[in-house]
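Okay, handing you the structure first.
Note that the chains take the letters A, B and C in the order they are written out, and that residue 1 is the start of every chain.
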Amino acid sequence: MSPVLVTRREGAVLVLSNNNVAARNALSLAFYAAVTDALRDAACDASVGAIVLTGEGGHFCSGGDLRQLAKRRDLSVQERRVRLEGLHDLIRAVRDCPKPVIAAVEGAAAGAGLSLAMACDMLVAAKDAKFTVAYVKVGLTPDGGATAFLAEFVSRQVLTELCLTGAALSGERMHALGAVNRLVESGHALSTAIELAAEISTGPQHAMSRIKTLCHQAMRNSLGDQLELEAQFMVEAMGTDESKEGIEAFLSKRSPNYTQLRQASE
Amino acid sequence: MSPVLVTRREGAVLVLSNNNVAARNALSLAFYAAVTDALRDAACDASVGAIVLTGEGGHFCSGGDLRQLAKRRDLSVQERRVRLEGLHDLIRAVRDCPKPVIAAVEGAAAGAGLSLAMACDMLVAAKDAKFTVAYVKVGLTPDGGATAFLAEFVSRQVLTELCLTGAALSGERMHALGAVNRLVESGHALSTAIELAAEISTGPQHAMSRIKTLCHQAMRNSLGDQLELEAQFMVEAMGTDESKEGIEAFLSKRSPNYTQLRQASE
Amino acid sequence: MSPVLVTRREGAVLVLSNNNVAARNALSLAFYAAVTDALRDAACDASVGAIVLTGEGGHFCSGGDLRQLAKRRDLSVQERRVRLEGLHDLIRAVRDCPKPVIAAVEGAAAGAGLSLAMACDMLVAAKDAKFTVAYVKVGLTPDGGATAFLAEFVSRQVLTELCLTGAALSGERMHALGAVNRLVESGHALSTAIELAAEISTGPQHAMSRIKTLCHQAMRNSLGDQLELEAQFMVEAMGTDESKEGIEAFLSKRSPNYTQLRQASE
């Protein structure tokens, strides 16, 4: 039996790919656990510089499996919650992973599949990818952070329309709305995401993990709280080997080599 | 004497229309109370699926009545506050109404008229509609949530300019900024808003009221708080008649019929 | 020795200009203190209506001085923090200044220079100005509110890319993203900023200081908190000489004269 998650390495880039092709990469408890575990392992592996999350067979993820969801009505609210927390643990694992996670989206990113794509730090999408807050169509409400992540870049009026109608947004439209870092022709999302990840993977790993935290907190923190967080991280950064290398390289007009520091600390 | 508010029904859509035509639909305590009451009644009326808020005679609302406002300087701060809370109660009633409220804007939406239009869940505007944070021009400061609602989709730099200069924005510019769901030719805002409302009114009413809450909270909640709210609503939704109907319809490749559930629960 | 800060008056507009031309206006503790003091003086000077912050010699500000920053690794964390608070005190002084502060940006706005430009209430930029979250390139993390201010108008995906790659944004791109109030040809940022400042400086000074506070709070306050703040300011504004003049002028179809009130209160 093929695994729910295919993993491979491209240099310093770890690629995690949903492998439930027959169901357009619909989600399962096994998938949540596999990605969450893979992200935790990657956090401790100094050879991993960045992570790409994608799907096999032309679709990112069609969301929850409706046949499974239909059975949840027979469970208690507590039992339903345990299963839902599998998804929410994954969303938190993407956010808490110290390495940048880039979503590469072709085809459908629907329901919790949209949530998962939007939870990532950056987004590469094919022009004809199809993002849908599908829940309302089957009488459900969004989960996986869909409403939180969309609210970071669309107006409340547009957010409400997307969630009340389940209307699809193309990759092109998502790019116009500001959430797509690289918009590509159909079939090129994964290769472009790997390129972007490879470029980023040469950066200062410790500083980048702090930057990821700052970017997540910045969307909702008060200015006072964000200034405090920036100050704490900056006074720390002033003493790291990374800033020593970065500033020395800049003043000597050479390229910094952060990768050596990573290997040295292993 | 004609009423301050004209109400009519278009199928499942309730239309509420400001009827102070002689004063370009300037606001009054009587208008605040009439709309607030109408929204509370609509909340309990299962035959109402969605609400459209508009103005008679070609203008949405020109804001506060300056002749009335001028007299408020003779009142105590407490008495002024009581009157202002009439407006803020209305804003809260729009937000708390479990049914979607769509603003249909032609002509002026100025001062608290802009606030009221932006408080709605969705916005249909004529290209030449005119949105103005007018307060500064007469030495006043914004109310009715104007600054809160504009901050949901413009930069602080643009928000500050709009509020410090009172510069007008066309419907076309508001659309480019991302706050208008349907941009229409002059004279077509109401009919388009009713179409959009009618489309939405066939959806799952309970799920849609939860979605409206999620969309409001999403703009400011922390990710952790929003994931918690999404989780609570989703585990509930998994047990509703709406999701039973929705999922069954999807799996049998037929259209869901949520309207029957609404009538059954009356 | 030339001062770190050049100040001059253009009518009611105070112009503050970074004068470290040899180092592309790199920052220093002396500069932080000089601007913070100038803003505090301007707050008490009724003849100042608005402030423009800019840089001499074609660059807004290239950020921290790397030769100075390199030495901070030899300081304790506490000593580093004291120096960093010089910058953060300046950022807070820009925000807390009751007069509008407009940034006029030509050339580089890099690192803490970008933070300082974005902290201002409005932004005038040359098309070819160059905004960069430069920190990551030398192994550091952003400070001065860079992440807070960018998060007010870009998606988290774009914020993350800017902070992880240090990629430059042109003035033109910043305008498309929504953060630039006036986009001008190279060499015209200062004159345009002074024009905008002069226009604003004729407004109602007390109401404008309240509006500035509302605009800052609006980006993160809950709707409830923002309605409360708007209500408090509005009931106060209804009793001011400014609203008396503004409403009387409007009803008599003449232009309001707020400047006389300012002089009277001196």
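The rule we apply is simple: contacts are C-beta pairs under 8 Å (C-beta built on N, C-alpha and C of every residue); 3 or more make two chains touch, one makes a residue touch a chain.
Keep in mind the model is a prediction, meaning the values are calculated, not measured.
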Type of subunit A:subunit B copy interface by residue overlap (half), same or different: different
Angle of rotation relating subunit B to subunit C [CA atoms, steps of 5 degrees]: 120
Whole-Å separation of chain centres (CA-atom averages), subunit A against subunit B: 33
Per-residue multi-chain contacts in subunit A, two or more chains: 177, 216, 220
Subunit C-facing residues of subunit A, complex: 100, 120-123, 149, 152-153, 177-181, 199-200, 203-204, 207-208, 210-212, 214-223, 226-227, 230-231, 233-240, 242-251, 256, 258
Footprint of subunit A on subunit C - complex, ascending: 66-67, 69-70, 72-73, 75, 77, 80-81, 84-85, 88, 91-92, 95, 135-148, 150-151, 154-161, 163-165, 177, 216, 220
